[in-house]
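First chain written, first letter: the chains are A, B and C, and each begins at residue 1.
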Amino acid sequence: MSKSYRYSALLILVLCWSAGSLSAFGIQETKISPYMLFSYLKNSDSQQVLQVKMTNITQTGEVPLPGLSIKFFNGENLLGEATTDVTGSANYTIDSTVELLVGEDGTWPFSATFDGDTLVDATYSDLSITDVNLEMTLSEEEGKRSVTLRATMPTADGVIPVAGDEVGVYVPRMFSLLPVATGVLDENGTIQIEFPDDIPGDSLGNLTVIGRFNEHYLYGNVEKREVRVWGTPVVKAPPVYRSLWSTLAPKWMVVTLAIMLMGVWSQYMLVIINLIRIKWDGLKKEKK
Amino acid sequence: MKGKKKENSSRRRFLRNIGLGLGSAAIISTPALAGAGDDSESGETLKLLTPEGKLVEVSKSVVREAKKKTKEQIKISYAGLPHRKFVMVIDLAKCKNARKCVDACQEGHMLPKDHEWIKLYLMQDSEQTAKYWFPKPCYHCDSPLCVSVCPVGATYKREDGIVLVDSKRCIGCKFCMTACPYSARVFHWKDPEAHVPDGHVYNPELNIPPVEGTVGKCVFCADKLRNNELPRCVKACPMGVIYFGDLTEDAVTNGVETLRFSSLMVDRHGYRHMEELGTMPTVYYLPPVGRTYPVELGFEDLDPSITDRYKDEPVTKSKKK
Amino acid sequence: MNAFRENLFRDLTPEIEKTSRSWYFLFAGFLAIFLLGLYGLYHQIDKGHIVTGMRDNVVWGVYIVNFIFFMGLSYAGALVSGALHLFKTPWRAPVIRLAELITVISLAIGPFFIFFCIGRLERIPYLLIFPRIQSPIVWDVIAILTDIFGCVIFLYVSFIEDFAKLRDREDLQVAPWKKKMYKILAMGYQGTEKQHRLLSFSRNVMAAMIIAIAIIVYSVLAWIFGVTLQPGWHSTIFGPYFVIAAIFSGVGLLIVLMAIFRKIYNLEKYITLKHFVNMGIVLFVIAAFFGYFTFSDYLTKWYGSVKMDKILIDKLFTEFRTYFIFANYIGILTPIIIIAIPRLRTIRNITIAALIALLALWVNRYIIIVPTLETPFLPIQDIRHDWRFYSPTWVEWSLTAAGVAVFGMLFMIISKLAPIISISEMEEAEERENLKLKEQVK
């Protein structure tokens, strides 16, 4: 096994060298056409974050593309650059002091570009975002928990409510956000959503409640987060120490085995002692 | 210095290359390198690709160190993720035998083509009932007979419910394979010929490289879970058949939609396969009610070597002439 | 008395003193088979287990069948010799040594078949380094190690008197190293009263232990199958069923060996029809028990057939029909019929019946292991024929043959080192006879 291991390492080295030299001569160039997922997030601290995820879509799924330098633009203005990490994501947080350019339709035109390198093709993606503010108030009355969300939009004519759009209450889970409830904002731009009392939190019952426009076609992702003791505390099941499948065997099994083995081996010892006594007796007789 | 840089970059390019389509070769397991970056400023560095295609930069000394870390890794893999209890839900109504889960799994774990950690069966419970496609990974049972019978502790159940196989410990007695009532385990009958580069640290959570004469099986992509990522089969499924999540959080997701596990079980009448055996699987099924695709679609665009499997199935079995 | 002893020595020691040419020929034949097996093993280690007929569903094949078979012979040898000794069976003298030898020699071969079956041979020590008490395989490892110790001690204890006799015999025409060996192995046994008392006590203790261990160990082996959920294996009857099956095959082998050694070493005077008939009656009783167990096991499975049991039984009655008929009808009924009808009780008939029983038991193990593995709970959906249906390859057969060859070789070697019939037992039996005669005269 270790032999083939070593051979394969050698093979890789050789391949590595040849691949390197081949691409240096420009003979072999299989360029990747990347897929760029571009999204906008206004987070709980009202920071505006531009997010890009670069992947290569292959037969067997998505492969993240790390180490690519992404440029972020607001209209024609370069906002900044970020490099994709191991998950293929690059985030750029817009400096709050920057005056963002507003397009003709009153939205922010954002774009992200990748200029391409020797292996990955250039790509481009854009977004138009309308700025909204989301407010979340959590209240608890007579044991009834509710989340009130209010969305407003700053316009030239002042702040107006956002009406008729879908908004949701979420809780973060290990892999994704779990939608607890969603609803449509009324004409005042508000909605009250009842929060269930059977959602597991952490061991103390802490739960992060998120009010969010989720992937909205105009607003992108806009969210507010707050931690409350609104979850059911998760009590960890005691670890199993002795069972058929655990490391340690059930006690009865150990005891039974020990008794049986002791019983048998003590008899063996007895016989061996007897044999030694036979030997001694023989020696005694020989001496005589 | 310049020359070195060039070599480095060509190497890097190569590594990325192979990870992105030309077959994966230079692969390291991510958790193996967790906490390995402390002294990466020490000059010489190496860029390596993780099985997912992540490029990570590590110093050569770290790589050397990594080998010694195998033991540590195995130890870590024993512990599992704290406060988690993983659960999978498979929606039989959506499965159409696209087999992307199988491909993604095989690629991710460098398995030979005939090794399927997730198998697709064409099932029919009795002659008059409907046929349906039935993806079957390892069930990671809560009362795992395979673990009970292992003589050397090569397979073990962790706190988070995942059952792993340590192929550095496995003696290949195959007792677990006869003990498992779900045929979830496969044996490496010959050298799997997986090319793993130097510096790769063996970790049962990823189980690369496969070892001849040992037993392998679905590991719920425990390596991915450490990074809060979904298992490969879940991500690969174009139909969103497979949901995965943490039971303690009462949520499962197929990557597109996230649902409460408990309400999913109630609404769709979830069940476990062969509950009567008492192995308590952690994989649940949603019955194939209101199919989104006809069963016959599962035969389309597939190699005869696949479709022929289902020729005289199911109900009638083992019809040897 | 002395004349009897002289005769005994004259009849039993020539095989130790000189070796015939045919012995060498036979030995060379066995050796060739053994070497072929070694080549098969090399091939298997070189190419991997893919060269066997085993695949993902039938993960255990002929190797495990052989393992159970040889272990069964061993336990049967232990049970028979232990019981013969403990119950002071009057006719035991010429056959007890053979039974003891079967025990030790089969025990030396059986575990090797497990080694052949294991994917990574070099990790065998892990069984002792990282044992898990919950695993029936660990029970088996502990049990077999205990059993090996016990059987070796038992065999040795029963040999001491003979070694002493061989040592004391001046005119024995053997190589000096053999004489030296007898001297060492006899452990200074002089036949004093104290020594005799200690020795017979030890023999009784070991005989009792051996019986107990044989039953436990073979049940443990059965539980390897019984504890799984597989149809056909998951059965409470498996422990006792295996024990009975083991005795059945062991008695069969004992009769066959009696016939062989009687012929080759000219022991017609000592091993007589009486012994064959007596062993035949044991075979008869065990066959009846074994048939009863088999019937009871399959009847319950067939009558209230659970889906998987039905599939399994259908398979047994179609694909494996010939095997089933041979193992469970011919193998059981032949010994019963031959022994039951006094007219048929000839040495040749009894030997044939025993041989059939022995072979039937091997086939019985085969149809316990293979059909069950071919019918897993989830249907085997595979286009590869060998993945669905097991058929052993030449590698497996060569190693099986090698196992049999080693069995033969070890028996041949031991027959050159010590008499195949216990001299001391024979003398004791003679003494008893004489005492009886004297009492009758009085």
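Here is the rule we go by: a contact is a pair of C-beta atoms (placed from the backbone, for glycine too) under 8 Å apart; a residue touches a chain by one contact, two chains touch by 3 or more.
Everything quoted here is computed from the prediction, not taken from an experiment.
Trainee: With centres defined as the mean of C-alpha atoms, identify the chain lying farthest from chain B.
Mentor: The chain farthest from chain B, judged by C-alpha centres, is C.
Trainee: Look at the interfaces A-C and B-C and say which one is made up of more C-beta pairs in contact.
Mentor: B-C
Trainee: Which chain lies at the heart of the structure, taking centres as C-alpha averages?
Mentor: B
Trainee: When the C-alpha atoms of chain A and chain B are each averaged to a single point, how far apart are the two points in Å?
Mentor: Chain centroid spacing, chain A to chain B, equals 17 Å.
Trainee: Roughly how far is chain A from chain C, centre to centre by C-alpha average, rounded to an integer in Å?
Mentor: Measuring from centre to centre gives 60 Å for this pair.
Trainee: Cα centroid separation between chain B and chain C, in whole Å?
Mentor: Chain centroid spacing, chain B to chain C, equals 45 Å.
Trainee: At least two other chains touched by the same residue of chain C: list those residues.
Mentor: Counting only residues that touch two or more other chains, chain C contributes 132, 134.
Trainee: Give the residues of chain A touching no fewer than two other chains, as numbers and ranges.
Mentor: If we look for residues of chain A contacting two or more partner chains, we find 244-245, 247.
Trainee: On chain B, where are the residues touching two or more other chains?
Mentor: If we look for residues of chain B contacting two or more partner chains, we find 145, 148, 153, 191, 211-212.
Trainee: Show which residues of chain B lie in contact with chain A when the two form their complex.
Mentor: 7, 10-11, 13-22, 25-26, 30, 50, 52-56, 83-85, 100, 103-104, 107, 143-145, 147-148, 153, 156-157, 159, 191, 193-198, 209, 211-212, 227-230, 232, 235-236, 244-246, 248-251, 253, 255, 258-260
Trainee: So in the complex, the part of chain A that touches chain C is made up of which residues?
Mentor: It is residues 244-245, 247, 249-250, 253-254, 257, 260-261, 264-265, 267-268, 270-272, 274-275, 277-279, 281-283, 285-286 of chain A that touch chain C.
Trainee: Show me the residue ranges of chain B that touch chain C in the complex, using the header's touch definition.
Mentor: My answer: residues 119, 121-122, 136, 145, 148-154, 169-175, 177-179, 181-183, 185-191, 211-215, 274, 277, 279, 305, 308-310, 313-314, 317-318, 320.
Trainee: Spell out the residues on chain A that touch chain B in their complex, using ranges where they run on.
Mentor: Per the stated touch rule, the residues are 1, 4-5, 8-9, 11-12, 15-16, 19-21, 23-24, 30, 32, 56, 58-67, 86-87, 118-119, 173-179, 199-200, 203, 234, 236-237, 239, 244-247.
Trainee: Which of the residues in chain C come into contact with chain B in the complex?
Mentor: 47-50, 54-57, 59-60, 114, 117-120, 123-124, 126-127, 129-132, 134-138, 141, 224-225, 227-230, 233, 311, 315, 319, 373-383, 388-389
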